[in-house]
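Chain lettering (A, B, C, D and E) follows the sequence in which the chains are written, and residue indices restart at 1 in each chain.
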Amino acid sequence: MEDYLLAFILLLPLLGGIMAYTFPSKSGIIASIFLSITTILAGYHLNFVEGKLWIFQFEWLPGFVMSFAVDRSSAVLILMVSLISFLVHLFSIFYLSGDGYKDRYYLKLGFFTFSMLGLLMSDHLILLFIFWELVGFSSYMLIIFWFQDVKNAIAGRIAFMTNRIADLILFMGLLMLLGSGNDGFLSSLGPLPQNDSSTAIGICLLIGILGKSAQFPFFTWLPRAMVGPTPVSALIHAATMVAAGVYLLFRLFIVFDPYLLDWIASLGIITAFLGALIAACQTDMKAVLAYSTISQLGYMVMGMSVGAYDMALFHLWTHAFFKAGLFLCAGSVMHYLSIQNPADPTQDMRRMGGLKGYLPITFWSYLVCMMALVGLPFFSGFISKEGITLGAFSWAMQRENGLAFALPMTALGISFITAYYMGKQLILVFLGSYRGEKLLKMPQKSWIERAPILVLAILSFGIFYRIHPLGGDLSFLEYWLGTQPKVEGNWVTPIMGSSILLVLLGLGFSYWKYGRQGMREVKSFNSSRLSIFVQNGFYLDKFYMGILVPSFDWLAFKTSKVDTVLINPFFNKIAISTVVLSKVTDLFDRLIVDGLISLIKSVVQILGSMFTKFHPTRVQMHFVSAIVGLVIILVWLKFAL
Amino acid sequence: MSSYLLSLIIWMPLLGAFTLLFFNERQTSGIKIVALIFSLIQLLFSIGLVWRFDPNYGDHLLTSFQFVEKVSWISMSLGSFGSFNIDYHLGVDGISLWLVVLSSLITVLGVLASWKLKQQVRSYFMLYLLLSTSIVGCFLALDFFLFYLFFELVLLPMFFLIGLWGGPRRSYASIKFFIYTLVGSLLILVVMIALYLSVGVLDPSSEMMIHSFNLLHMMDSNYFIEGSSLAKDSVLTFMGMPLRAVAFLALFLGFAIKLPIVPFHTWLPDAHVEAATPISVILAALLLKLGGYGLFRIVFSIFPDAALHFGYYIAIFGVLAIIYGGLNAMTQNDLKRMIAYSSISHMGFVLIGLGSFTVEGAAGGMFQMIAHGFISAALFLIVGVLYDRTQNRKIENFSGLATKLPGYSFVVMIVFFASLGLPGLAGFVGELLVLMGAFNVSAVDGMLPNWIGIVAVIGLLITAAYYLWTIQRMFLGKYWVREYSWEPKMKDLEIREWLIFTLLILGIVVLGMYPKIILDTMNHSIELFIAHVGDLKIKP
Amino acid sequence: MLDPIIFGLMIGAFLFCTGILIVIIKKNAIFVMIGIELMLNGANVNFVVFSGSDPNIQGQLMGIFVVVLAAAESVVALAIMLNIFRHFQTLDLNSLKKLKH
Amino acid sequence: MKINEQLIEIQEHFGVISSEIILIIGSIILLILGILRLPLFWIKVFAAVVLLGSFLFAQQVSGFFFTRTIIRDDLSYLMTQLLPLVTLGVLCFKRQTYQSYEFYFLLMSVLIGSLFMVGSHNLLILYLAIELTSYASYLLTGFHFNEKGSEAAMKYLLFGGVSSAVMLFGISLLYGAHDSLYFDTLKFSLLGATGLFFFLSGLFFKTSIVPFHIWVPATYEGAPTDAVAFFSTVPKIGGFAALYHVFKWTNGLFNPFLEQLILLLAILSIVWGTLAALRQTDVKRMLSLGAVAHSGFILPLCFVMDTYSIFKYYVIIYALMNILAFLFVQLHEKKGKNLLISDVSGLGIKFPLLGVISVVWAVALVGLPPTGGFMAKFFLFSSAWQHYESMDSIYWLTFIFAGVLSSAASLYFYLRVPYFYFFKEDQSKKIKISKRHFLILTLLAFTLILLFIQPNIFDRFAPMINP
Amino acid sequence: MIEVWMYFFGLLILVSGITLIFTENLIYAAFLLALCLLSIVGFYIIYNASFLAVIQILIYAGGILILIAFGIMLTKRSPEGKVIVGYHLLFFGFLVTLGMILLIYALVVSSTIGPREILQTTGQAREIGIRFLTQYILAFELIAFLLLVVLVGASYSGKKSQHA
């Protein structure tokens, strides 16, 4: 029975997508209905996985057994994915009401949900990789949903390629892991023996994780992915797909050796810090959220690798809801603006403002989700974030090296920045007055728009997770997630306190900076060179490029003022150099390889003409050649005998 | 009935070709229907073959052949030279079984794809059916001479099919194709002769050595005559190399040109670009497989020792093909040429799989061949759809086709992604298995170093890069085609095309989702093959 | 004092070589025929020289046939030369340039 | 032995060479019929009857006859069967203006000479036979009686004269070395070896082996095509058979050196013939140079004693291919003009069957399946490999490689005919070919294919006396 | 005594041969050839081949020389009426000939030829006659046929060359 249940959960979204594609007129509704069933089943399914694994084994290749397995953590994540997916489906009905390709959209979305669920259910590395790739594929398909604009297509391609680089390195790691005698079942993974190859495997796996979760050197693809429809961003690029990396880190935790884990933690915190800084300088509404996602994922990665993986997973859950909520709010805002001004739909926060009055439900939902994100008490984000921070502190305390404290300290610092940029966004978008041309008041009647946002906002309250906001008993959800008992110690309270303080400070700072000028034009926004620097992602791309062409760095800095569009020079450069290389090989192929053959051909032909010409006109030359031949034979005879 | 099943499969198309002789050149639809019927019958028979096939037959490579037919064909006395024996010897095992099925299927699809042909229909289909006979014959022959006969017989119809129904530079391409492959097959011929003279059994009655072309004898070192040129103890050398190694290399080269490996690949893009769509399909889906199959059945099985010695270099050739083919594919602006280069790239995996000497690797190589058969057929048909409508296939001439031709673009997406190795589609499984083999081997006994696998993975990346780029350039963005006159012709797929593509995509998806369906029947044979080839592997 | 056999052989060789030289260097077809005759005679001298010590006198027999053959050859040559002369108005071999080369 | 007894014995021996006798008498009757102005068609019929008669009355005996001047063995039996049939094939060529009864008489005499070449066991007879074929050939070459024809005849004559003189010089030395003109007394000496090589140059001239092949292109270009078809088969095969006999009696004496030399010349012929044929535009010249390469293939077969069957197979296939190819060429010729490759362009659309036939002969000459040409080359390479195996001689291996590479290269020029036939588009060309010739072409092509599928039928053709 | 004749004829052959090489006049050449052939006849007699000598005189003097003289008439003449023919390829010609001479010397003349002496037999004509009818009867027939062939062919060819 339970096996079938899993199969239903897995296949229903796909089926829904196909049905939606088959009946395009009612596509959204059909898909949503299927998803709702899935969600209910996923919730129901939690009953069956108490403390044990449900395993469905099958032979995929001869002698090569794979299995689906669900334990408590994945069951909860399955619920999360299906729930958010359901909500996003609902929201999409509203969001895409005017689009002509809805049927395709729901097919893709259903396929994505299917892949994501498969990823969570798979118990074998190869199976996991299969779904991992399918997730990437469907993400690509969704990013290029509005393919008529070639910019979107390019963005989608680059996002997919970046992902694929990481994926293939992960693939290599998996293969090496299998090659080293491991049978590849996640549920029975053990630590690897310490040697060079295990380090290599670890690094490969790590890169895969970093790529999918948009961590430090790979994070550039995520902002690009924002060209897809906003609900898609909410589902894929905030809640689920990017979390897959964290999920994999959680699953493979045991494989990494501790030394490597420290590095992962550092990478995580660096990402979190950078992401937050960049987010603070963005003007695009979705970009802020995208970088914020990167930052939060860095948090999770850090949490995972310092050993607070329970909390990190918990943060994954909470983050999924409030970030999806935020994205849907952003979608709501953008949809509203685009209806108002179809000719020039904007995502630039500088041209918004005062939307509170126009979109009240959105505003309040946004506020709740934002509070959860910045980590104020009574909201879900606070619980998970504090858990990670405390985990990091306790990890640092176990180190002899004082430098280790840099990690949790930075994490605290990040909560200040987070609060700052979220506060800024709230102020710029909802408060004050509208900075564009005049805005008509339009009633928002559609519950299909409001309901998902509201549900997500409600789920961002801390009450669902822990009764007492500042600690205390585990709630049912935490139990399901397998959270460890809380960290104890007398240092816990000051840290919590300082964290809350920093958040409040951040909010205050944002108000000080933007709230006061509320009504006026945002003139001084991003005027300083530093903020441009940060806004452009620390010119990380340009730094990459500098490795290849140092002079380009300078040029890029000069041109970046004009070119505000974020380009991705590193991968561009790789792509360009690959293309150049391919041109070179093509030339090689044509000139050298084929040329060599032609050369042989011409040599033979020249020889041929020579031999052809060697039939002289003069018959007496015939005699000469024949007799010379005879003479040569005889000379040979003379010396041979 | 079942004892003649293989013969029926082989000769059915030829029978069709003879039937066509009774048709008038102008009865085009009749000709097409006859061709279709005969190829369908062939397909039916090969499905019957699968039905009756016992996947666990035999316990040694030499005894694992089923449906064996063996009739003496030529037995002529050549005086003191001895008597000359060629058998009509057929048999099928797990390795060849699916290639046979693939060929029959592709033949049917090819007939469907050439349905719109107008000029010289009768000659076309006669040559086409002859080609089909010879390809299937290659896969089923167990006598080296018979194999060689079919192998050479592939050349002639192909030469004319490219040269007569091809594009503007068809004559150049056909000559190039012919000469390249002829050089390869002449190398095979020399080695075949040497093998024939090295293999024999002592006839008890006349006390004379009876040589034979029996491939099974050639695979068995017991049948090699002591002191003959290619026996294990042969002392003959050629330019300082043992003759056995030289023979192996010559044979390898002969088949590798067909596969093709990199420095000898330039016939392929030209042939593909100039050939008509169905012929390209046959070329990519079946003809390249002849090379791969020859490597399995002949090169590696007969010279396992030399193969083991050169395994590493073979894998290097594989990697070279993957990277080089991929890079070249990226820069092509002709869609068909790009796909041709991608074929080269994909066939590199077969070499790596073989070079790894593992069951996974070999099975992966075989699977890759089958999967590539489906995928490349679909790819070339995709080009054909475009070419049918516009007589053009330059990538830069099209943009945003997804808007105008949604069905077509849907097919393209699936096939392209299958080709770039998206899991769940056929292309992935072969690559996975091959890479598993490559990495396994590096961990277990160091036959192949890790970098082979790593570079192969980079090759996958390149594949992804050019496919995605192509999708972006041709199918995404705003709808636009270069010539105004193409506009009215840009229609979505018609029923016949849907039928072909549905079959192919079905195959691609089924193979990708449930590869066991063919791996199960193949696996036993692959295991026996590896046991036979690898039993010399001495671990330090 | 040379051995007569050796001397005969030398004379034969001389005739033969002279024939070759004439055959090569003379432009005229008739001269070439003369050269061929000389070559044949060189061989014939050899036959005769060897036949002197052969009780079966096969050499001499051969010589007789050769002389007849030489005559026959001249007839054929003459016939062909007549044709040549009719078409080219000369027997100069260098003017025979109608064939491709 | 008394003269009477000898004469009686000789009288009895005439039965052994019955096919030659039939031919001689037949050709003389033909001459008489010609003088009586019988129409040419009936002359041809009569010639065909004579040829068939000689074929049917070929005696399968073995031994020496006519006081050991004539040898009869498998090979000469084969030739008495094969060569008349090949000549019969030449009779089937298209009627041309230059043909007269003299033409057929000369053809017959070449055939007779070739048969005596094969049967001779004595240098005198051999020399006579060679001269007989040569003189008749010189005359046949000029049968166009135009500029080209005369020039070709002249060149052929002069070159042939020089070669025969060189050969005669060699015979004289051989005679000096062995005091005998019989083959079977040949034994090793420096003088003998020298003589042998002078002597061989004459036979190499007949068989067009490098460096005595230079006459080939010019002669073939100027001569009538049916005569060319004839030259490239009958006297050549006869020459090879003579070489076979010569080598049979000299083998073992100069073995290692001779072997190397023969192989070297064979390789040279193959390479030269192939390379020189590559760029020819005149089909006849191309075929002639291809025939030089084929001579290189046949030569080792004459030398190696245990390959009689392969020699037989190769020679038969060779004759068949050449007759087919030249017949094909002749049928496409415009009056008095040589066939250029471009002359056949675009004909394949109208005459697909002819195109297929051109494919058959081209493929056969290259040596590809499914034609007898492949089998011939296949047997040849097998034999060569066996020799390489047993002797470990680099020359054999080189021969194999040269042969294989030349096969690949020869594809390039042989296939140009079908290539132009099908692939070049030209609607202006027209040809007329009678049904009868169509039938003959098809029959020959079919036989070539049949010989691939069932080479066993050779066992029934000229079976060996002592298998 | 016989040696003197030998050297005499040898010298004649040598002189006539060398002059033949260098003469440009075809008429002289014909006479020089005749001289040469006659010297060879002398040689034949010395080597006890008188029958052949007779044949040589008959056929060459009566046949070949006349044929050559006939041929001369077909050749272009110089304004003075001389039949002058040029030569060419001197380098190749002498090179090849030199090589040939050296080789024949190295291989033939210097090679050990067993002790031989010239047999002074009589009744050669009878012997030859018997051999023509027994041992070489076939050769005899063959050359007869050959002459027929040459006759027919040459006459046809000549006829054609006149008519066509």
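In this text, contacts are C-beta pairs under 8 Å (C-beta built on N, C-alpha and C of every residue); 3 or more make two chains touch, one makes a residue touch a chain.
Keep in mind it's a predicted model, so treat the numbers as computed, not measured.
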Q | Both-way neighbours, i.e. chains that touch chain D and touch chain A | A | B, C, E
Q. In terms of C-beta pairs in contact, which two chains are most connected?
A. C-E
(Q) Taking each chain's centre as the mean of its CA atoms, which one is most distant from chain A? (A) E
**Q.** Chain ID, smallest distance between chain and overall C-alpha centroids
**A.** B
Q) Between chain A and chain B, what is the separation of their C-alpha centroids in Å? A) 39
Q.
From the mean C-alpha coordinate of chain A to that of chain C, what's the distance rounded to whole Å?
A. 97
Q: Please report how many Å separate the Cα centroid of chain B from that of chain C, as a whole number.
A: 65
Q: Please work out the Cα centroid separation of chain B and chain E, and write it as a whole number of Å.
A: 70
Q.
Could you pull out the residues of chain A that touch at least 2 other chains?
A. 615, 618-620, 623-624, 627-628, 634, 637
Q | Residues within chain C bordering two or more other chains | A | 9, 16, 20, 23-25, 29, 32-33, 44, 49, 51, 53-54, 56, 58-59, 61, 65, 69, 72, 76, 79-81, 83, 86, 93-94, 96, 99, 101
Q.
Please list each pair of chains that are touching.
A. A-B, A-C, A-D, A-E, B-D, C-D, C-E, D-E
Q | Complex contact set, residues of chain A against chain C | A | 613, 615-620, 623-624, 627
Q | Residues on chain A engaged by chain B in the complex (per definition of touch) | A | 59-63, 126, 129-131, 133-134, 137, 141, 144, 147-150, 152-154, 156-157, 160-161, 164-165, 168-169, 171-172, 175-176, 178-181, 197, 575, 578-579, 581-583, 585-586, 589, 593-594, 596-597
**Q.** Interface residues, chain E side, partner chain D - complex
**A.** 107-108, 111-113, 130, 133-139, 141-143, 145-146, 148-150, 152-154, 156-157, 160-161, 164
Q: Spell out the part of chain C that touches chain E in their complex, as residue ranges.
A: 1, 4-11, 13-18, 20-22, 24-31, 33-34, 37-38, 41, 44-45, 48-49, 51-61, 63-65, 67-72, 74-76, 78-83, 85-86, 89-92, 94
Q. Quick one: in the complex, what on chain E touches chain A?
A. 88-89, 92-93, 96, 99-100, 103, 106-107
